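Below is a structure I'd like to ask you about.
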Amino acid sequence: MADVRFLDATRVFHGAWRPAVDGVSLDVRDGELLVLTGPSGSGKTTLLRMLAGLEPMDRGSVLIGGKDVGRTAPDKRGVSMIFQGFALFPHQSIRENIALPLTMRKNSAKSAAARVQQVAELCGIADHLNSKPDSVGYDVRQRATMARAIVRRPGVVCLDEPLAGSGVPLMMRGRSPIAALQRELRITTLYATCSSIDAWSIADRIAVLDSGRVQQLGTPAEVFDKPATIAVAQFLGQPGMNLVTAAVADGVARMGGLAVALTSTQASTLTGHRVVIGIRAEDLAIGAETDGIRATTVLVRDTGRDYLVTARMVVDGEESDLVVRHAGGPVPAKGESVVLGVRAGAALHLFDAGNGVRLPD
Amino acid sequence: MSVTRPVAVPGRVPAGTRVAKRLTGGAWYLVVLLVGVIWLIPTLGLFISSLRKASDISDSGWWTVFTHPAQITFKDYSNLFANKGIIQSLWNTVLITVPATVLVVFLGALAAYAFAWIDFRGRDWLFVVVVGLMVVPIQVALLPVAALYRNLHIFGTILGVVMFHVGFGLPFAIYLLRNFFAAIPRELLEATRMEGGSEWTIFRKVIVPLGLPAIASLAIFQFLWVWNDLLVALVFSNAKTQPLTVALQSNMRQFGSNIDILAPGAFLSLSVPLVVFFAFQRYFVQGLMAGSVKG
Amino acid sequence: MDEPLSAAPAAGAAPAAGPPAPSGPGPAPHLFSSADHGRSPLRIPVRVRAGFLIPAAVILAAIIIWPAVDSVWLSLHNHDGSKWVGLHNYKTMFTDSATLTALKNNVIWVVCAPTIACALGLMFALLAEKIRWSTAFKAVIFMPMAISFLAAGVIFELVYQQDPNQGVANAVAVGVHDTFAKSSQYPGARPRPNEGTEAGGGAFNTVHTYQAGSVVTVPLVGLQAASLPGKAAQAAAPSAAPAPDQIEGTVWLDIIYGGGGKPGSIDPGKKGMPGISVKAIDAATGKSAGSASAHNDGTFTIKGLKPGASYRLELPGSNFAQPYRGIQWLGPSLVTPAIIASYLWIWAGFAMVLIAAGLASIPRELQEAARVDGANERQIFWRVTVPLLAPVLLVVLVTQVINVLKVFDLVYVIAPGSTLPNANVLAVQMWNVSFGGGQDQGLGSAMGVFLYALVLPAMYFNIRRLRREKKEGGR
C-alpha cells in the first residue's frame, strides 16, 4: 500500500519571511491521482520535493504506506519524480535514460534490459530506445520520462509541472499519456500544476494550495462547485469567480440591486458585517429587465464560442468589475450601460469577508 | 570560431566609418589580405629559416628561398633530433604539461562542482577569494615556493614545476568550470540523486559529461599555458628537468650562432600548440570568452 | 539557471517560528541545504564535501596564498631573510636606477600595449565583418595566441635582425627607404688623395680649376674592382680637343683587378665608372654650371659652359653614399617599442575575438534605429556601437593591463644582453634580482609584492564584475 500522509509538514527557506509550506496535513489514497494546484509560489513543488526527499522538513513528517520516511534516503522511499522539463540526460540514449534507476541500483544488466524493454513497450516508445532525447519529439520525451519513473515499480510518482512551458495546448493535456498511464497502472500519483484546467481534467481529487497551506481538498466537482475559500474560488475556473463585497443588514446581503438572504447558520458563523458574494461568469446574464445590477461595459472579449463581457458597477462609490459569459443575443458595445441579472438556478457563493472562508449553506 | 559568428549577417550594415563608403568590397579584401600577410610573415620566416643551413641564414634573408628552393634542407631538424639535450627537454615538456593539465582539470572540476552545487558555510566568500586569486602574479610566489621546495627536496624536480602550474591554474579552472556547471539544469542532478546517486556518481555521470565543453576549453588553455611557459620552468627546473622552452632560451644569447638549433627548436615548440589550436579552436575561443579576466 | 550564488549559506536557518527576515522573497531553494537540523535525508557528510574541496584548497594555500603572505614577510627582511630591515627594500627599489628604468618601461607598456591592442582588435573585428572568409582571417590573427613567448621571441629576433639581408623588418625598412632615396652606385669610392678634396656631404671637388675646352681625368680608388657594374668597360681617354664650351674627361677606377698599372694613368684593365655624375662649378660664382654622367668607358662631356671661364669639377656625394642599413630595432631607444610590437602581434587576436563577439551581440535594431533617425555611419559608430561595446572594451583593457604588468618572457627572450637594461621591466628585474645572479630574496620579494599591489585594482574589478553577474542571476 502506497498511501501518502503529510502531517504538519513545514518548510521555511533561509531568508524567507514566511514558510514555503506551512503546516500541511494531507492524505493521499493508494492509487489515487491527486493534483496539487495553486498559483506559482504556493508550495506545491516544495511539498513534492519533501515527499521525494529532495527537501528537508523543518517540522512535521511524511508517511508512505504508514511508515515515516523523514530519515529515509530519496532512493529508498519508493518515490519517483518527473521533473519540469523532464530531466532526460542529453548525452545518453532513451534506453540508458530509462535504465538509469535500475543501473544506479546495480540491477543485473540482463534483467534491467528486459525491464526497460517492457516499460518502453508499455509507454509506446520501444522504437525510440536508441535515440538521443534531443532527436525525438516532445511526445516521446514525455513518454520516456514516464517510463523512467515507473521502471523501478515505485509506490508513488510525483510530477512537478511536467507540462509547464511545453506548448501543449491546455485542452489537449487531459489526453496526455501521463494521465492515461497513471489510470492504467494505478500508481499513487501527485501531480503539481499551476493550470486549473489540468487539475480539472485529470484529477481524482484536487488539493488547492495557497501561501503554503491547503485551502481545499476534494473532487474536481466539489472544489469547483463549493470552493472553500476566496482563494480557491478565484483560482479555479476560467475566468475566475466574480467576487464582490456586500454589506449585511437584517440577514440580507446587499450589493447594488442584488440582495441575498443569509440563512441563520450563515449569519451565526459570520465574523463581521460584510460578506463576499461569489458568482461565476456563467451564472450572470445581460438582461433587459430593469431589476438587477447596473453596470457599464468596459471590455468585451470574444472567446470563439461566446463572449466574455467585463462590466463595471459602482456601489457606494466603490468600483468593482464583473465578468459575464454571454452566449446569445446582441453583444453590448464598450461603454454601453447594461443591467446584469442572475440566471435562474444559479449558485451564489458566500464567503466571510474577514477570513475568506466559505459560509455554510 | 563558431561562437564569434559575425559572418556577414544579411542586411547588417557594419558600423564602419566614412572610409567604408569610399572603399569598395575589393579594397576591403585587399586590406584584410595585407594584414593577414603581415601577421603570417613572422611565423613563416621562422619556419623557412628552420629549413635552411646556418650559413645560408647569415648570408641572405629567408625569402631568397622563393628564388633558390634548393636551399631547403632538413638537416637542422635531423641535427635537432639527434641532440640528446633537446630531446630530453622535449620529453620533459610532455612530462610537465600532461600531469599539470590533467590535475588542474580534475581538481578544478571537483572544486567547481562543490562551488556550484554543494552548499557549505562561506561558499560565496570563498569563491570571491578564488576569483581574486586569478590575477595574482606568479612573481609574488616564486621565492617562497622555491624555499618550500628546497625544504621538501623537490626543487628542480618535475613534480615541483607541475605543482606550481597546478596551483596557478586552479583559480581560473574553478572559475570557468563553476560558471558552466552551475548552468546545468538542477533537475538532472536531482534525477540522479533520486535514484540513490552519491555526489561522486553525480559528478561522474552528470557533471563531467554535461560539462565536457567547458572541461575541453580548460584543458586546452591549461595545456597551452604550461607547454608555453618559460618563467616557472626557469626558476623551478634544473638542467636535467628543464623543458624545451628553457633549453632553447639558454641558446638565445648567441642568437646568430645558435640559429640552427633555435629556429627548428622554436618551430618544434610552437607546432604542438598550433596543432592543438587549429584542432580545438572552438573550445579555445569559448574558454577565452568565459575567462577573459585571467591574467 | 538561477543557481543563487548570492544566497548566504543557509546555516542553521530559522525554523518556522524564527524571526522573519526582512529580505523579501527568499532565494530559490538550494539543492542541498545545510539547514537541515539533522533531519534531512540529503545531508552531505562533511568528509564528502571536504573530498571535493580539500585537494584544491591545499594546493591553492601552498602555492598561492601562503607564498603571497610570506612574500610580504620576506620583503621586510634582508637578502637571505636573516635580518629584519623594515621598508629598506622598498626604498632601495624606488631609488635603484635599474628598477626605475624598469618602472618607467612598465608605465610605457601599460599605457601603450593595452590601448593599441584594443584599437587593433577593434579594427580587425570591424574589418572581419566586411569580408566573407572572416573565419580564416580571424584564425590567422588569432593564431599567435597559441605560440609561446619563447617561440615568439625567436620569431621576432629573426624579424628584427639588423642585417637587411636577414631581418625582414629591416629588409622592408631599406626597401621603403631606397624607394624614396636612391642608393648610390659606388659607396666608399674616393679620388686619389692628391686629386680631390672632400667638400662635405660626401662630395668631392677637384683641387685644380679647369677652363672650358680642357680635358680632366678623375681617377678614383676605394672600391673593389669586382663591385663595378657589369656594363663598365675598359676606360678610355677623353678626346684630345673638346669644343670650347665643353669640358671632357674620364672617371675611372684606378685599380687593376689583381694588381699592376700606374696610379693616375688609364692603363689597360682599368675600367670606367658608368653613371657617375660630374658637376662643373663656376670657380668665380661657386654656382653649378652644368653636369654630365659618365659613359660605360668612363668618359663624360659637360656641355654649355662659357668658353674661357674656369671651373672646378665636383663629384656629388650621392655617388658615394654608404647604403642605408635599416633601423636598429633592438638598440637602446627602440627596443621597448619593438618588443611591444611583438606583444601586439600575439594579443591583438585576443582583443579581436572578444570585441567581435561583443559586436555580434549588439542588437542590430539599435544601429538601424539610429540610421532611421538620420545618423550617418560615423555617428552610429561613435554614438551607438562604441558605447555598447564599452563593457567589452573595458574587459579587454583590464585583462591586458594585468597581462602587461606581468610581462616577462618576451622582454627576457627578445632583448639582447646589451640593451636588456633599456628594455627592463619589473618582472624581469625581479627575476634578475632574485634568481639571475642577484640572489636577494628581500628585494625580489619587495618587487613581487609591488607587482601584486599593482594588479589589486584589477582584482577588485573582477570581483565587482562577479558580484554584478551574480545579481543578474547565475551566469
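Chains: A, B and C, in written order; residue numbering restarts at 1 for each.
Note that a contact is a pair of C-beta atoms (placed from the backbone, for glycine too) under 8 Å apart; a residue touches a chain by one contact, two chains touch by 3 or more.
No experiment lies behind these values; they were computed from the predicted model shown.
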Chain located farthest away, centre of chain A as origin (C-alpha): C
Most central chain, Cα average position: B
Pair of chains with maximal C-beta contact number: B-C
Whole-Å gap between the CA centroids of chain B and chain C: 23
Whole-Å gap between the CA centroids of chain A and chain B: 55
Centre-of-Cα separation between chain C and chain A, whole angstrom: 70
Where chain C touches two or more other chains at once, by residue number: 7-8, 10, 31, 33, 42
Chain A: positions in contact with at least two other chains: 53-54, 73-74
Sites on chain B at which at least two other chains make contact: 185, 190, 193
Residues on chain A engaged by chain B in the complex (per definition of touch): 52-54, 73-76, 79-81, 83-87, 89-91, 100-101, 104-105, 148, 152
Residues of chain B that touch chain A when the two form their complex: 185, 187-188, 190-197, 201, 206, 209-210
